[in-house]
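Below, each structure is written out as structure tokens.
In what comes next, subunit A is part of two complexes: it sits with subunit B in the first one and with subunit C in the second one.
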Partner chain A sequence: MKTVTLSASIVALLSGTAVSAQTPLSMWYHGAGNVVESEIINGIVSDFNASQSDYVVSLESFPQGAYNDSVIAAALAGNLPDIMDVDGPVMPNWAWAGYMQPLLIDEDVIADFLPGTKGYYNDQLYSVGFWDAAVALVTRQSILDELGLRTPTLDDPWTGDEFNAALEAAKQSGNYEYAINLGMADAGEWYPYAFSPFLQSFGGDIIDRETYQTAEGVLNGDEAMAFGEWWQGLFEAGYAPGTSQDPADLDTGFTDGRFAFSWTGNWMALNTLLAFEDTLFLPAPDFGHGPKIGAASWQFGVSATSDHPEGASAFIEFALQDEYLAAFSDGIGLIPATPTAAEMTQYYSEGAPMAVFFDLSAAQGTLRPVTPGYVVAAKVFEKALADIANGADVADTLDAAVDEIDTDIQRNNGYN
Partner chain B sequence: MALPGFGLIAIFIILPFFFAIALSFTNQRLISPNPTQFIGMANYSRLLGVGVTTIQPERDDEGEIIRNAAGAPEYPRLRTIIRGNPDFANLAGMREWFSWERSDEARTIVLARDVVFMKALVNTLLFVIIVAPVQATLALGLALLINQRLRGISFYRAVYFMPVVVSIVVVSLLWRFIYDGNNGLLNNMLSALTFGWFEGHDWLGDPSTALGAIMVMSIWQAVGFHMVIWLSGLQTISPTLYEAAAIEGASKAQTFRYVTWPGLRNTAVLILIVITMQAFALFAQIDVMTNGGPRDSTQTIVFQAVERGYGRQDISGGSTISVLLFLLVLTISLIQGFLTREKT
Partner chain C sequence: MMATISPDNSGLRLAVRYTVLSLIAVIFLFPLVFMVVSSFKPDAQLLADTASLRAFLPVGDISLDNYAAAFARAPVGLFVFNSVLVTGVTVLLSLFVCSLAAFSFVFLRWRGRKLLLAIIVATLIVPFETIAIPLLLIAANLPWIGLDGFQIGWLNTYRVQIIPWIADGLTIFLFVQYFKDLPGELIEAARVEGASSWTIYRRIVMPLAGPVLATAAILKFLIMYNQYLWPLMVVQQESYRPVMVGLQYFFQLNRAWGEIMAYLSMITVPVLAFYLYMQRAFIASIASTGVKG
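And now, the complex of A and B:
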């Protein structure tokens, strides 16, 4: 630590004596490997650098798979950049651990932003997203007609019973290998992101959001048990392939016509649209406590060790302009964070094919539990879902998950 | 001269080793603003804690045992008895590991504080017990086959050795497709061989076949490596011994029993130890193919160490598992060393 402050003061000394002192700001981004994404973010950086003379931002990109590990390693070594991006549900963990500091951005700037793009923890804004992501029940109008099903709308989504009946109808038709692709091959954050909204629609949750101190009664209460039984039933009835699903299914299963429905994100939407003209993106079914889908994607924040938080925040605020939000959306198909930006985009403007995702995100988007303990709870929940899908006893599995989450919270002094 | 080398070994091998032991007595987290605290043996008791309890079948008002349609007595759910019950405080947080019924009157349940770790322990031991002898024997068989002066024998040597050269991650991915429940190569092959009688099986999705499938794949992958070690052992045996055996009129079996096998003694010890240690370190196949599932049927010790330490940010828990694994391997190596010692 001493050497860091020492070298920092040397840098400060040197830059103080230099003639044209532009403060360097470092920035890390998780999207290495995607050419379009790199072009957009590099464009924003050079625009910002040209727009003022106080700061120079330099960008370093990491592959997504190695990004979180790199940040953790950098934090332990005291080498965090000034600006970094963070996956929405992970942000509270990093804020709690002292990796990040609150943004110095006037909240009026983000008044119009989708709720899932605002990263609040302890009532302070730590991160902002340029985009959100949403999940929809993907199918085709011709499939609904064939199975004789009503087309659900945002105002009048399917009930749980209607959803189950639709799966049964698809199975009975015999035209599909499985009724629905849930993406079970995609182990990891997909499970809590895509499936915990079902649990919440049943009335349960991963953790008690009143206190964030326990999962008892929430993850193993009657509502959660009902969810668990329903979840297990999907696989017992043969509606969906289980955890050993072929990963290739995720990309081509629906477009090959092997599934009647697919529970997938907007990032897969473009391929489906190209394959079928009558593709539909339907809202999540309502299991009793409202239809819900996951919210929050990657967001931008300022590291706790940054010596120039005002400069880092200035960069983020600069990047929040509609034209950049629209550029990300057009480039890689993400949901732009504001309605005005959405109007500028190819896919999300009024009447455009994916505009429904913007409405879904605004209407049904539900944040994953906003607590530092989420990172561990999500892992526990993921395992519980996999075990139940594979036939484990529902009550015992959820009890065990509750015990594990509660133990973790206690061992972290309540994450306070 | 040896100082730089020793320094590197100290930093990258010896130091982490002692770190792991020290951390296993603390509550060290991967990410946390809280200071690390010494918590004694708590990590060990959390992993290894077991308990036993007996429950009575449910009885109706007349005291008769309630039986289900098949005539077996019905037992209450364990969770309704011990969960949140102060009388069973010592069993709080424990889960059923396995159980049996002594008679119609009672069921004995063995509980473990960490059922997943217990299953990982059993799976790993099972893996070692089956893979070590099978792999060693197969490798010896292959080595004997290719230890001949035939034209083109190097081609076969290369073929058998090929899987060893390919990264285990790639091999695991390929075998995931081979084992695929719908259109996997294995299912298609079995179906073709049995003229459609075999209808396909989800090898990695079924708890009863997942570990076996991984064993088969692991044996296939590494058998070439051990074949080469056997081969080097075979080639150190002097040809004059075989000539003498031939002159004495020894059969092939006798030659193997009295010439080849004694000559391979040291090689055998080496191979046994290497396979045992490799088998205990089973990780990549699990990580790529099953993630420990379905229903913990392929959990292993090393996979759990990584899953705890990194996935669940519990460095102390991961360290504790590593220390336990070290003690386990050490014990088994000592036993092996004792059993295979030179008897003079």
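And now, the complex of A and C:
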């Protein structure tokens, strides 16, 4: 909102009072409601404002569930802030839509950052994350021993057959309600984030990354069909609860002993560690094209309408200090972006209980398709997976998903 | 053979009626009871209790911790204040503006009133989502003169949450239907006595409009108090956020269900209080007009 305060201006002119030389920068962040996160981000803003005299950043926090819609509405209304954060896979869409501009930071600063924390689109850096998130196969050493299973490692993960055999062993033991908690009750971005790496490990993908112009052949090819049949088999065999899973399972299903395995994120790891001393975080299984997990979490960028991209970029560069990366990690349990920051943290330093997630992220992290069309493709993929889990014909469902994704790409002129 | 109820078994009839009504009431009350009871339980117990009737009983580890945590997580009082303010002002202005419009449609004679009323009623089938973006663009560029001087843009204000919602087809339609049923002789008598249209509206029509005022107020209150999409689009500052957008503060990666229930319990209080206050007139209105709330 443009406010013309004539009286204040006239008073300032007449009195000769120097108006503050600091340029105001507005910043939006998705962490409202997270007390710890808010404290840390407010601390960084305060530190930046105190560290220099050119800019003063003011922070406005939004609840995560309302953030993306608020940004889109603000973009339409021409009301975007200078600095904003963006979920990694959404960034290409916002850059393509003209909401964001490339960052003006020295890329040497982020040389040792985890790959998933760097938001490149069209070979330009648009966003950088303070952290990454990773998914692991959570279980207990005692469960592996009970089921007679070997412990997979990053260098020697389970094959797809070993993974399937582990699920069958858990089912046959009769000690668990289900073999694995896939988090099916957590609809939304969880589906493409957590499950598309399985598809990629089979050799398929959501979109053809060679051209980003079609999903034909990658989402309905032989590899994708094999993935779809396997995915449906998980539910037909009763290894995992389907889409009607009790949401309470997400929080307490594994710790209550109803599952032998849990496919879940590092943000849930601490609860499990507190519950069981012999908790294990295992790498993703390899279905033939390498073990893969999702990468890229929330990142910071500069809006396209910012009149002060240098100042906005200066803030982001300032915030990329290891001490802040470590503070976020200690505060909310996410993986710090750099090895040096990891060493400063409680959970990710060498030998610390969740250090394996840093290695998992570095070794197996796979970006979701870096295209503006991902936003739509992800929703189509989510629905297809839910339908297949509920018994829909695999080939028909994947073909329909391909048609829907391709139609969206065509409607948007290839997102070029 | 069909059973008959005679005066002899009127006691039985009452018992059956009250039993059925009580069962229906319990079914409708279950969600509210679950919400309030759960707001006093720690998450682990809350989730464990969902598998049994304990979910509806204040048993186990009961405390006010969830309420304290909810206040620590979000400015609950501010959100409730914002919603009550926006809702209250909108309801009052809406009752005034829409009843005036309906008065004009029913009691004044002017060219095109039937066509205009038909157009207004037709807006009932237009979902808000279809006009949200044009409305946003208009709101973002509207001028305003206030205490801060001349401004362009209504975003991040109370007025942007109030003014677009004052007049609506449903409220006007409710008033029109009610006014049509008022005895025409009253209006004619007033006119013969020389009363102006404003006097007729203020002294004769509105004093008779209690039931429809209650119905329109309750419906408008619910619509406004439950606003989510519009404030999400036009408010980017916490200081103007209403309760429904505030609810999102509680949906973090690790969901604190007890806090969510505590927050929901708190924001339900104004709705229940308003409904209970207007209940008698609301029921009278339904009984007399057949309007369903």
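Following the convention adopted for this analysis, the second predicted complex is superposed on the first by the 396 of 416 C-alpha atoms of A that agree within 3 Å, B and C clash if a C-alpha of one lies under 4 Å from a C-alpha of the other, contacts with A are read in each partner's own complex, and residues count from 1 in each chain.
Here is the rule we use: contacts are C-beta pairs under 8 Å (C-beta built on N, C-alpha and C of every residue); 3 or more make two chains touch, one makes a residue touch a chain.
What you see is a predicted model, and the numbers here were worked out from it, not measured in a lab.
Asker: Mind working out whether A:387 is in touch with subunit B, subunit C, both or neither, as first, second, both or neither?
Answerer: Only subunit B; A:387 stays clear of subunit C.
Asker: Quick one: is A:288 in contact with subunit B, with subunit C, with both, or with neither? Answer first, second, both or neither.
Answerer: neither
Asker: Taking the superposition as given, does A:43 touch the first partner, subunit B, the second, subunit C, both, or neither?
Answerer: In the superposition, A:43 contacts neither subunit B nor subunit C.
Asker: Between subunit B (first) and subunit C (second), which, if any, makes contact with A:64: first, second, both or neither?
Answerer: Second partner only, subunit C.
Asker: Indicate the residue numbers of subunit A shared between its subunit B interface and its subunit C interface, in ascending order.
Answerer: The answer is residues 246 of subunit A.
Asker: Flag every residue of subunit C that touches subunit A in the complex, lowest number first.
Answerer: Listed in rising order, the residues are 43-44, 47-48, 50, 72-74, 133, 136-137, 139-140, 148-157, 229, 232-234, 236-238, 245-246, 248-255.
Asker: Please output the residues of subunit A touching subunit B within their complex, sorted ascending.
Answerer: Result: residues 72, 75, 93-94, 96-99, 177, 187, 241-244, 246-247, 375-376, 379-380, 386-387, 390-392, 395-396, 399-400, 403, 407-408, 411-413 of subunit A touch subunit B.
Asker: Tell me, which parts of subunit B touch subunit A in their complex?
Answerer: 27, 29-34, 77-79, 83, 93, 95-96, 115, 176-177, 180-183, 202, 204-205, 207, 290-291, 293-296, 307, 311-314
Asker: Along subunit A, where are the residues that touch subunit C in the complex?
Answerer: Answer in residue numbers: 1-7, 28, 32-35, 60-66, 69-70, 73-74, 76-79, 246, 248, 251-252, 265, 267-268, 271.
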